[in-house]
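We just call them A, B, C and D in the order they show up, numbering each chain from 1.
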Amino acid sequence: MINKKKFIAVIGGSQPSAEEARLAEEVGRELAGRGAILVCGGLGGVMEAACKGASSQGGITIGILPGDSRQAANSCVQIPIVTGIGYARNIAVVKSAQAVIAIGGSYGTLSEIAHALQSEIPVIGLNTWSLSRNGQPDNSIIPVQDPTEAVDKALNLAVS
Amino acid sequence: MINKKKFIAVIGGSQPSAEEARLAEEVGRELAGRGAILVCGGLGGVMEAACKGASSQGGITIGILPGDSRQAANSCVQIPIVTGIGYARNIAVVKSAQAVIAIGGSYGTLSEIAHALQSEIPVIGLNTWSLSRNGQPDNSIIPVQDPTEAVDKALNLAVS
Amino acid sequence: MINKKKFIAVIGGSQPSAEEARLAEEVGRELAGRGAILVCGGLGGVMEAACKGASSQGGITIGILPGDSRQAANSCVQIPIVTGIGYARNIAVVKSAQAVIAIGGSYGTLSEIAHALQSEIPVIGLNTWSLSRNGQPDNSIIPVQDPTEAVDKALNLAVS
Amino acid sequence: MINKKKFIAVIGGSQPSAEEARLAEEVGRELAGRGAILVCGGLGGVMEAACKGASSQGGITIGILPGDSRQAANSCVQIPIVTGIGYARNIAVVKSAQAVIAIGGSYGTLSEIAHALQSEIPVIGLNTWSLSRNGQPDNSIIPVQDPTEAVDKALNLAVS
């Protein structure tokens, strides 16, 4: 059954560095290889690289789109969800996952990290944001060194 | 490829009559039998009956949920999308489909019909709302007599 | 205190007939003259005509916008709310009001009527949609003959 | 005209420290005293303290609520906007403002900061989050020392 599988979101920018794109593709490949379903924002950059990696292993990819057209999805999204709600779809991306892997990213990714942490969904970070609050470090984003460790942590933490 | 399949939404109330539930289950069964992917609001009533029918044929079922928890999905939803945006998820339900089949339903269903028509997504109706505007009938909802005709029409019209 | 005033939504199309625009302006004028606050979708057509009428009487006008820019508001909106959520803002328009006056309108207006009825917010109709469900008339939209009667009914019903 | 005034959002947690509440009230007082309109999330804590301060100076206060009821607004909200979209309303809070003042806050506030920065809306910070990306400080949040400086900066930067 699909709904017994783990749903893991991969978030990151639409204009990643070459290294970030490589990391995202590797994360997608590992997730699919280990039976997880990939959730993302459905567009380009990190989202597309992760979908490409997952698709190469026969994995299922879900793209939760901000706009009004399924045509906006990258070509490796198998299940396009068309929300029409703009950046508010960022919330649906993280809430639809049991753990989140953030790779690089700009303010949109930061908003997704914040919404995930607010919803108590674990966030694993690869070369991404770090936070401090009132001068004290906030260590809620779990740092990892490579895609394999990211996927290990995400699958271990995806329990609810 | 999943994304070459047709995505059809089934909408209707959470407290259907026995007849409406029977129609919804039959619609779900036909959709899955003919290779379509079922999109719905993920909760009970017509949504659950349609998912049950689709699942009985090995079909894929997507439930776009209003609340904050995947646990709210009916047991036949395979891909729960957790939006956290309340009834605004009605818009995502219809926009994620290429055609919509409405079965019975109350004001929530009527809102979905309206959002679909506004987005120029075909709506097929089984025992559901009919509309007139300024005293003139609006025939945008395509009436059908039974589940087979509903699925025929939906698949024919699901082109974009 | 502003928040003791009644909040009334005026909904209708962005391309009204001349008669609908006249009705909307008169409704706006009456609402403001009787101390109510006007809520609308903030754009052109019926929304703009109603805001123009209300402004002519010194009333307060709220425009709940679908897009990302306050610049999209019509020039008689005093309080632009910028949602960025597209047509999902239709829900906020009606939920922010204690009663709704619908004037003409197309499917967007129909979606607002449906969301209002689902939320048990009274809907008064001037030359707008009428509904039937499963062949039986649904009389939830309260028909009125003119702007004065519309405003009378809206203010009487705006109790919660 | 109200719509010539500046719209400034005050964001922060619902369970602030006593010092944060004092800062928020002072910010609200200064904003109203200088003719700005206060936008906030409409609930308790920093939101309520800011509304209280603004109201004490006769200012206008807008509360953009996550839920389905205007009754949830704090008693100093004059214009309750009822969105029904949950935390997605955070986006509307910042987009409806021309500048944002963040006071303390947890992950919800962080999401609002991120959405504001993504939309290129200036963010002024009082005892709030600080950010770094990939190990490099991101100085987009403008730090200030006290409420007067926060309001000065917000009004100066609120140009679009």
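The rule we apply is simple: contacts are C-beta pairs under 8 Å (C-beta built on N, C-alpha and C of every residue); 3 or more make two chains touch, one makes a residue touch a chain.
In this text, all values refer to a predicted model and were calculated from it rather than measured experimentally.
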Chains shared as neighbours by chain B and chain C?
A, D
Given the pairs B-C, B-D or A-B, which one repeats the contacts seen at C-D for over half of the pairs?
A-B
When the centre of a chain is set as the mean of its C-alpha atoms, what distance in Å lies between chain A and chain C?
40
Which integer distance in Å separates the CA centroid of chain A from that of chain B?
28
Expected list for chain A, residues touching two or more other chains, is 68, 84-88, 91
Graph of touching chains, which shape: line, ring, star, complete, other?
complete
In the complex, the residues of chain C that touch chain A are 68, 84-88
Interface with chain C, chain D side, in the complex: residues 1-3, 7, 37, 60, 62, 64, 68, 70, 73, 77-85, 88, 91-92, 95-96, 119
Under the touch definition given earlier, write down the residues of chain D that touch chain A in their complex.
85-88, 91, 104, 106-108, 110-111, 113-115, 117-118, 127-135
